[in-house]
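Next come two complexes, and both contain chain A; in the first it sits with chain B, in the second with chain C.
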Partner chain A sequence: MSTAAVSRPVTAYPAGRPPSLWWAAAGWVAVPFVAAALGHDRFASTTLAAAAVQGLFAVSWVLLAVSGQPSLGHALPYGAGAYAAAFVARRAGLHAGDLGGLMPVVLTVAAAIAGGCFGALQGRLTRRLAPAFLAVVTLAMVEAGRTLATMWMAPVLRGGADADASIPIVPFPSDDRAAAWITAAAFGAGVLLVTALVRSRTGVALRAAAGGERAAEALGFDAPRLRLFAFVAAGTIAGTAGALAAQLSGHVSPLMLSWQTSLFAPAAALIGGAATVAGPAAAGYAGAAVAQFLDVPSPLQLLVLAAVLVAAGLRDPQHLFGPAFSWNPRPRNGP
Partner chain B sequence: MMDTPDRFGPLLRLDGVRIRADGARPAREFTIDIAPGEALGVLGPRGSGKTALLDVVSGFLRPERGRIALCGEDITGWAARRIARAGVARSFQTPPFLDGTMIDDAVAAAAIGRGLSARRARDAVRLGLAITGLEPTRYRTGAALGPAEQRLLTLARVAAAAPLLALLDEPLAGLAPEAAGLVVATVRRLREIGITLIVTAHDAASLRVVCSRAALMRDGRLAEAGRPAGAPDA
Partner chain C sequence: MDLAAQLIVSGLLAGAPYALAAWGMAVALATGTLNLTLGLFFTLGAYSALEATARGLPASYAAPAAALAAFVLGLGIERVFVRPLRGWPLATAVVLLGVALAGEYAVGLLWGTADRSVPLKLEVLQIEHVVVAGLELFVAAGAALAFFAVIASARRTRAGLAVRAAAENPEIASCAGLDVERLRVWAFAAGCAAAAAAGAFVAPITPLSPAMGRGALIFSLAAVAAGGPGLPGLLAASLTLGVITQAPANYVAPQWAVVVPAAVLAGAAAWRRTPLWRRAEA
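Coming up: the complex of A and B.
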């Protein structure tokens, strides 16, 4: 068939391939390394390390955005990773320098596994839910997790029932500059991994699953399994971020399972653009760096995150998370 | 993936396929053969069971009894995704929500879902975009498309899936005449490249230029209505 004979569509748009995701991703892989090289004092190194960890957490949420799952409970795998690291360190009686310096790696792997498991739990329980219900259920799950962490985990892990629910964990690493470099590497690896996934055939399938379960099944995809995969992958990365955050601060607390932590990732996606990888990574990294640099109190941070969500909701009431979410087509105007 | 259809046998055979009555809707029964390369138009008023026919063939409805065979293989009771991978493409009355998805990716999803290799998928996407005239929009997102282009996008996905059989549910519903003309021309091109079609519609006029054969849904049964006046050759 001759393509010349093909009719033009009703509306014509300029052709042109958009800029590759890889360039933007590569840029955001470089930024933390440059910043780590420039930051010489302890305060700068700590700030940059915290920013890289939060950037990693934010970028993990992109996989949920791509698959059309606006989870508001992403702090669950993040906190689960942190608690898993603390649990393993305590049960194994590990101290700084144990396992030939590989202890942080062991703890981070344990955290990634725990994050993946809790992501799987969230995905399993929400696999048939429409986005709005999924958001509510995941938020309820993270609140349940925070309550359990406050009521149960602290006494179990600390061997007592004291009021302080935070649990100490061996700090990692003791050198602040090394921490900035290692977290920059983790952030960079996370951005590249998520970019590779989003650009792969699996990424195309995840976006098809976001378009609706029947439509995805009619294309030959197992939509519930794809959504579960997105939760597991996002949870694994978030769990890794949680372990790094815990080892940087030297303790694990139920705050890691708070609303504030949960809302951070979608807010970063809203600011940076839910359909991109570099956008949420940049917003998460910069937002956390500013909060750390200015020492913004937690209630004020929560207020800012809530304001971002409200502003996004007012801008587009039917699609709070922009184009990435809706399993229910909206009516269109025009011919 | 299923073999190429036997030249002398039906591509699709529905043999006494019965769908259980559901609430206000009566039971439906379908018996029909579709030959390779044929375009069957299914007419009937809203609620007559046209979509139920497509649902049962594509695996979204499980028949109470009867047998569905594709290229001679019994596909009764198969899951929808397995039937899709076997070569049955499906479009819905309401196009899927693809506002945040690049057109190129949306079309590629059909080829990937069918299980095509990377190289064949690239060719399939090129074909789908060429057939529908959506090439200039390939790097835009679904949000940039109007209603007619949304329909064309679903047809581009059908073409990219390289199916043996395509089930098109009311592809012209709600479209203005100019837009409907574009969609009709695209459906004809699907047939020209050898895809067997089942197309549903409310009125015969819209199917006349597309379908080689028509059937009428009446009282929950499929009745042959012959060849529409002005229909193209089978």
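Coming up: the complex of A and C.
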């Protein structure tokens, strides 16, 4: 047998660590801060703040991509976080300036916990499902979540708009420039946290879990538990993003649990490339900024996301949502 | 007791058309395709009923026409979006989801995003203490007729037998001389046609909107997940789901018609040991 016949082991993730990972991440941590410093008018500040929140949401999805779980229902922990913040604020009767000015922190922590819990629910129910079915089941869960959110405020609403069922929440911060800085900080922290996780031993284990249960077990990893961990961690970050989005806009609405919100994160990962953390973060940040700047209507945004999914699936079906995904793939072999 | 009987009858009548859509999902899935355009075809079927009544025709005329159009459109979608992705189920599902969302957008452009309704007034019948709207009975009868036509063709015709053989074991079916690839195409298109017919049947009893197919898609997936691919299990799951969905949807809030099937789907996917749905143990 010739040595040429011995194929290299196929890994679920490209071998070795991309050397530029930290540099790229650090670069993308800096961008929102620079943009916040340059944005002087109110429109620019609110656009940048919204973009940073969406970037944080998009980067949280990387943990699911790394662990081979292409959830299309990531808006569930995001929206659950936002609704948890609104629920806590309403039940506790909180107002601006309460709790010694720590109210936004308390609401954000509550949202992160809720996001983690809903991520755990998704992970628990789908941890043994094949990726295609995982995607569909999580998508159905987010549709159910949106419907329940609509019912919460308008139980007998028939044919009304989702906006009718929105819940007000104390806006934070009141200053637009401060909002841009705070969200930039949250975005930067999220990018660094996900980068650190992906590069850590846990990240290696998550990649092993993406490869398959037996392969992961052979390496000493508990694949189902790792997949659950990925859902919890991604849900916690998404819940935090949801709370920030709610406090920035001053209300929570079922639109936060829409398919459009849900598909935004996987589309950002496809555009930016799931092999890096900075790629999806950049795509999420830039995409949300453009949508906000041009005031693109929701149905058109959903159409664009659909186009991204179709184009990506047809370009490189073999590696869709995987780290090896490319918009310019090599000629492919059969499955 | 009367209320329970009423709920069961209403649920069975409501579940019948969805059983047809669920068969559409099951037949595509059995031949290896997770058809996420099914909801779009359901919507197109419903809007075709709207168009039929707008032209002064009975809504029932729309079902066969919609099924035929959906069959042809399904062949096209299979050729362009499914066949090149054969063997990559995730990519197929995601691409079909994208196609369905683009279709939803097109429906919104053509018919508007506001809710519409199909006018069809029939008498209300009362059997003992159970009230049955003539409309529901008409819808269920039409759907049942179509469903039993599907069962008969699957069990009694050579084409149906061939599709079942290809679904059971494609390699052996291929060795026996069956053109498995062609059977997959026909199964996909037949699923689209069934969904469109179901949409046309349901149109008179539900508000029409571009996103109405999402509920039907989730219902179909839940029925397949809970009942399995076999026709008896599928029928039982669809009708049971109709019953347990109708009670909260009629008496609490209509939104439960989405929440209950989604919960059943998630539960069944998590706890049922269906090999097709499970992650490969590589």
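We take it that the second predicted complex is superposed on the first by the 289 of 335 C-alpha atoms of A that agree within 3 Å, B and C clash if a C-alpha of one lies under 4 Å from a C-alpha of the other, contacts with A are read in each partner's own complex, and residues count from 1 in each chain.
Keep this in mind: a contact is a pair of C-beta atoms (placed from the backbone, for glycine too) under 8 Å apart; a residue touches a chain by one contact, two chains touch by 3 or more.
What you see is a predicted model; the values in this text were computed from it and never measured.
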Partner chain(s) touched by A:R201 [first = chain B, second = chain C, both, neither]: first
Touched partner set for A:L305, first chain B, second chain C, both or neither: second
Contacts of A:A274 with chain B and chain C, given as first, second, both or neither: first
Touching partner for A:L125 - first (chain B), second (chain C), both, neither: second
First (chain B), second (chain C), both or neither touched by A:A144: second
Partner chain(s) touched by A:A215 [first = chain B, second = chain C, both, neither]: both
Touching partner for A:G93 - first (chain B), second (chain C), both, neither: neither
Overlapping contact positions on chain A, where the chain C interface meets the chain B interface: 211-212, 214-215, 334-335
Contacting residues of chain A [partner chain B, same complex]: 1, 3, 6-18, 201, 204-205, 207-208, 210-212, 214-222, 274-275, 319, 322-324, 326-330, 332, 334-335
Residue ranges of chain A in contact with chain C within the complex: 70, 72, 124-126, 128-133, 135-137, 139-141, 143-144, 147-148, 150-151, 155-159, 211-215, 259, 299-300, 302-303, 305-310, 312-314, 317-318, 320-321, 334-335
In the complex with chain A, residue positions of chain C that touch it: 34, 36, 81, 84-95, 97-99, 101-102, 104-105, 108, 113, 115, 207, 209, 214, 218, 221-222, 252-255, 258-259, 261-263, 265-267, 269-270, 276-282
Residue ranges of chain B touching chain A (in the complex, touch as defined): 58-60, 79-81, 84-85, 89-90, 92, 94-102, 105-106, 108-110, 112-115, 118, 130-150, 152, 157, 161, 175-176, 178-179, 182, 185, 189, 192-193
